[in-house]
Amino acid sequence: MAADTFRLSFAAPAWAQTARAGQFVNIQMPQHGDLLWRRPFSVHDADSAHGTLDILFAAVGRGSRALSRCKPGDALDVLGLLGNSFTEPAEEEEVILVAGGLGVAPFMLLLRQLRHWPGKKTVFLGFRSSRQVCCAETLVQRGARIVLSSDDGSAGVRGLVTTALEDYLISRDARQKVLLYVCGPTPMLRSVRAVALQYHIPAQVTVENRMACGFGACVGCPVELAQPRPDGQKYLLACKDGPVFPLEEIVFND
Amino acid sequence: MAADTFRLSFAAPAWAQTARAGQFVNIQMPQHGDLLWRRPFSVHDADSAHGTLDILFAAVGRGSRALSRCKPGDALDVLGLLGNSFTEPAEEEEVILVAGGLGVAPFMLLLRQLRHWPGKKTVFLGFRSSRQVCCAETLVQRGARIVLSSDDGSAGVRGLVTTALEDYLISRDARQKVLLYVCGPTPMLRSVRAVALQYHIPAQVTVENRMACGFGACVGCPVELAQPRPDGQKYLLACKDGPVFPLEEIVFND
Amino acid sequence: MIDLSTQIASLRLQNPVLTASGTFGYAEEFADFYDLNRLGGVVTKTVTIEPRPGNAPPRICETPAGMLNSIGLPNVGVEQFIAEKWPFLSRLVNAVIINVAGKTPDDFVRAVERLDALDGIAAFELNYSCPNVKEGGLSFSSNPRVAEQVTAMVRKVTRRPLITKLTPNVTSISEIGRACEAAGADAVSAINTLVGMAIDIHSRKPRLASITGGLSGPAIRPVALAKVFELARVLRIPVIGIGGIQSAADALEFILAGAAALQIGTANFMNPGAALEVVEGLEHYCAGQKIARLMDLRGAVKLK
Amino acid sequence: MIDLSTQIASLRLQNPVLTASGTFGYAEEFADFYDLNRLGGVVTKTVTIEPRPGNAPPRICETPAGMLNSIGLPNVGVEQFIAEKWPFLSRLVNAVIINVAGKTPDDFVRAVERLDALDGIAAFELNYSCPNVKEGGLSFSSNPRVAEQVTAMVRKVTRRPLITKLTPNVTSISEIGRACEAAGADAVSAINTLVGMAIDIHSRKPRLASITGGLSGPAIRPVALAKVFELARVLRIPVIGIGGIQSAADALEFILAGAAALQIGTANFMNPGAALEVVEGLEHYCAGQKIARLMDLRGAVKLK
């Protein structure tokens, strides 16, 4: 795997049948000690034949580092399956998946779901540098065309994934119906949102808010609506109403 | 080893030269999480040739259970050598070591120190049952005679270690000079103290108070003096003034 | 048969385990995890007379053995609560306690008055930790005079058991408890969260949009236990213990300190089955220790 | 050169890292671990006019990410302190701050008056969390009138910088802070421990002989930070932040919230090198972030 990136596979036969891309699991970290919360991770892949679920994660903090030290046979306390999932394309001619870093995680399962869908599948994969690159080969095996970019140019095109995306959108035939799927860090989501609005392309995004519970109990993971609802509702919950949202309907303040 | 009893050996060449029986080390538990404190353990044995220090411990709680899962090569954060140590016998003709359960820990090193001491060495070893018994053979190898007892009679004499001790003291020649070394749970210490006072036998005890620091900084580990000092001092510190005390000078008011 | 039951004024609970307001939604969120009727009862998320959108994000952050929150009491308001949330709650056979808050004493009165019309409400819990706009934003339970006044006003509009939920952020929680008792409260619950704060040193911003928030979880358990102990010693009305309870062992500490019932809060997030596990753990403990009536342990801490 | 220095009234500290009273003995206990002169200074264990034996055991217990203590201020009294502890302390070249407490306002005055005769004391810190026997055992900083009175009385007998150390167990710590400021305190330090309790469910006894005790450690850090932030916003005199600080990152949170200096307490027990590591960590942070003067970060939390 890429630097500090880990794939963890665990047995979950029932979930392996029903998991839909976009959904997530909430895992209690091993040796959690004074880490109170579980940590949420997107379902990366689900293998119904083997009855396993995969997550793909970066060791960025105490929890994920502890998780990365799990060994085969260790027991994990996993809460799932949580959240909604991506809506699959209908009459579109192309789907474009935009992933910033580990934002690629849910797309592995999405491409599995779309294996019989006849349209064109393009994945824009942006990483900081070549050391972080992962999943590219498997995504190709799953029928996608990859446009790789990196901040330092050490892998694929130099620059932000959003620049690569915009270049592509400018050059394509504007009459073709396209659907965007987006996952990545907030600044990237903000840029892609601007691009999607500009080109009038419908987009679905998965958000990664901090979560105390993951199932709607703490109301701690609000996502702000671009337009408050008539009844005054200003927020949706990332864990329960999401984590997948229509990108145009929400905003990323701060 | 006996049930839930573990011996842990770690490299500490300098300490292995200088450690004296009665001293202890204070160890940060692996994956300590919300366990704030280190955990204190007596030096069980010190091997100056190999440069290692041993501790012998029971997995009784979160910290010691985590410690018991240490694997060779793991790094440990150990603070030491802490505390005072047993005074070795001088003109006595016999030393009697009284250990309740894992209270046997410091006696392994004590017998190593006494290997050239010519007097008689008797160890009263009390355990709950045969499943807990440990160290008996090695103690014999180190020149001690063992009187084993267990609460349920499954090993050695049935009954408390103090009963066995008192039987022995009654039957011995009262003119012979004896010195007691005592380590074990508080109720046992209390009984042995009564016996020692009754038979006018000098005794040294190691106490196992809870400790936040282990080096005199928190003042959290007081041991009560049987007689307050003339200047009003009522307590000594287990970690700094001890853990070895003259048994007659302190009381165990739970 | 082990008797786990307890009594809060006229309200008999089959066991002392309740869920804490704001950590259990309107119970529906937990219906998939276990049979809710196994609990002593549930306390709802705070309901206010008008709908509230809640605070801007970020609303939560993790701290050592605890968490900070400033959720801001988002809720659909009393009318929509009755229309949308009550139908599910009203089908529970154990105690359903409605937690109410307001910005002014009058808000409390109006909400309780309206809700009192519903059949099947076991009790009201008044969330006195929220800011009182009439008193410059100080909480309703930071001043005994105010706590007494609001309690007396609400007392007039309902005959149902009235529980006042106290903030720990005061010099003397027992003074506030006494004021509530004098004004006719049937029980107090304690504690609500401690005021706390955390800063992200990278962005240099507070970790909560509201700057400060409420600290909960195991970290605050010793504080909660001290407050419950203090209240139980001076009040005649029962005290409901809240704060960092994760297990039956934790719950027993509160019962020994004098609590007549308990609420499980933050623990529900990490372990959705936490409240039921406390019930089962208490049962198991009583069986093992041959204790026929759990409440015989109430206040049984040995002080000498 | 990175400037870590800070100013507490007339007292210049080479860096803002002090050790908290009661967690660092009389400094001698830590002399084996590192060169004490690398710290901003040390605050001694509380000294009282008469010797005190301290409380009965057990005095300490571990809690989630924290600990409870009821040590009871054991100390040899002012005279013996001067004879036995001061010689070592007086040889330190950085700031030595003497922490003083008493059972009555007069005890404070007598102790400070006597100690003021010593050369080389950098400042006095008055421990206002201890029970005031004149006011029914309430702490000296639970009432602004009392805090003001004691501070004014001590102010008269010393011209050295006077720091009053505040309890967090009050409704409004800033009200107490203002009272101290008005009476002539040069700085406040906050927080002392939170009142807490734990019960051993097996023996059914409190885990501390004194029943309740003081909670410290990482668990209370969010509470401490909120209090320091509150004080720093209303006071003109500097605030010294204390509570659960384990690392330079924790220390930075307090500086961003407005603290002019910090004290490391409970962390010294687990990691005897903790205070020095905070100094080194702050240095390292400033170097990495190209911050020339650490105190430029003081109060720099971004609120909007």
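We just call them A, B, C and D in the order they show up, numbering each chain from 1.
Definition applied: a residue touches a chain if its C-beta (ideal position, glycine included) is under 8 Å from a C-beta of that chain, and two chains touch if they have at least 3 such contacts.
These numbers were taken from a predicted model, which means no experiment stands behind them.
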item: Counterpart interface for A-C, drawn from B-D, A-D or B-C and sharing over half of its contact pairs; value: B-D
item: Reference subunit C; chain at largest CA-centroid distance; value: B
item: Distance between chain centroids, defined by C-alpha means - subunit A, subunit D (Å); value: 47
item: Subunit B and subunit D: spacing of chain centres that average the CA atoms, whole Å; value: 37
item: Chain centre separation in whole Å, for subunit B relative to subunit A (CA means); value: 57
item: Overlap residues in subunit A, where contacts from two or more other chains coincide; value: 34-35
item: Multi-chain contact sites of subunit D, meaning residues that touch two or more partners; value: 63-66, 217-218
item: Complex interface listing, subunit B residues touching subunit C; value: 34
item: Complex interface listing, subunit A residues touching subunit C; value: 28, 34-38, 79, 209-210, 212-213, 215-224, 228, 231-235, 253-254
item: For the subunit D and subunit A complex, residues of the former touching the latter; value: 64-65, 218
item: Residue numbers on subunit C that touch subunit D, as the complex places them; value: 63-66, 68, 142-143, 169-171, 194-199, 201, 203-206, 211-212, 215, 217-223, 225-226, 229, 244, 249, 252-253, 256-257, 300-303
item: Touching residues on subunit C, where the partner in the complex is subunit A; value: 22-25, 29-30, 45, 51, 53-54, 56-67, 69, 71, 74, 205, 209, 217-218, 266, 268-270, 272
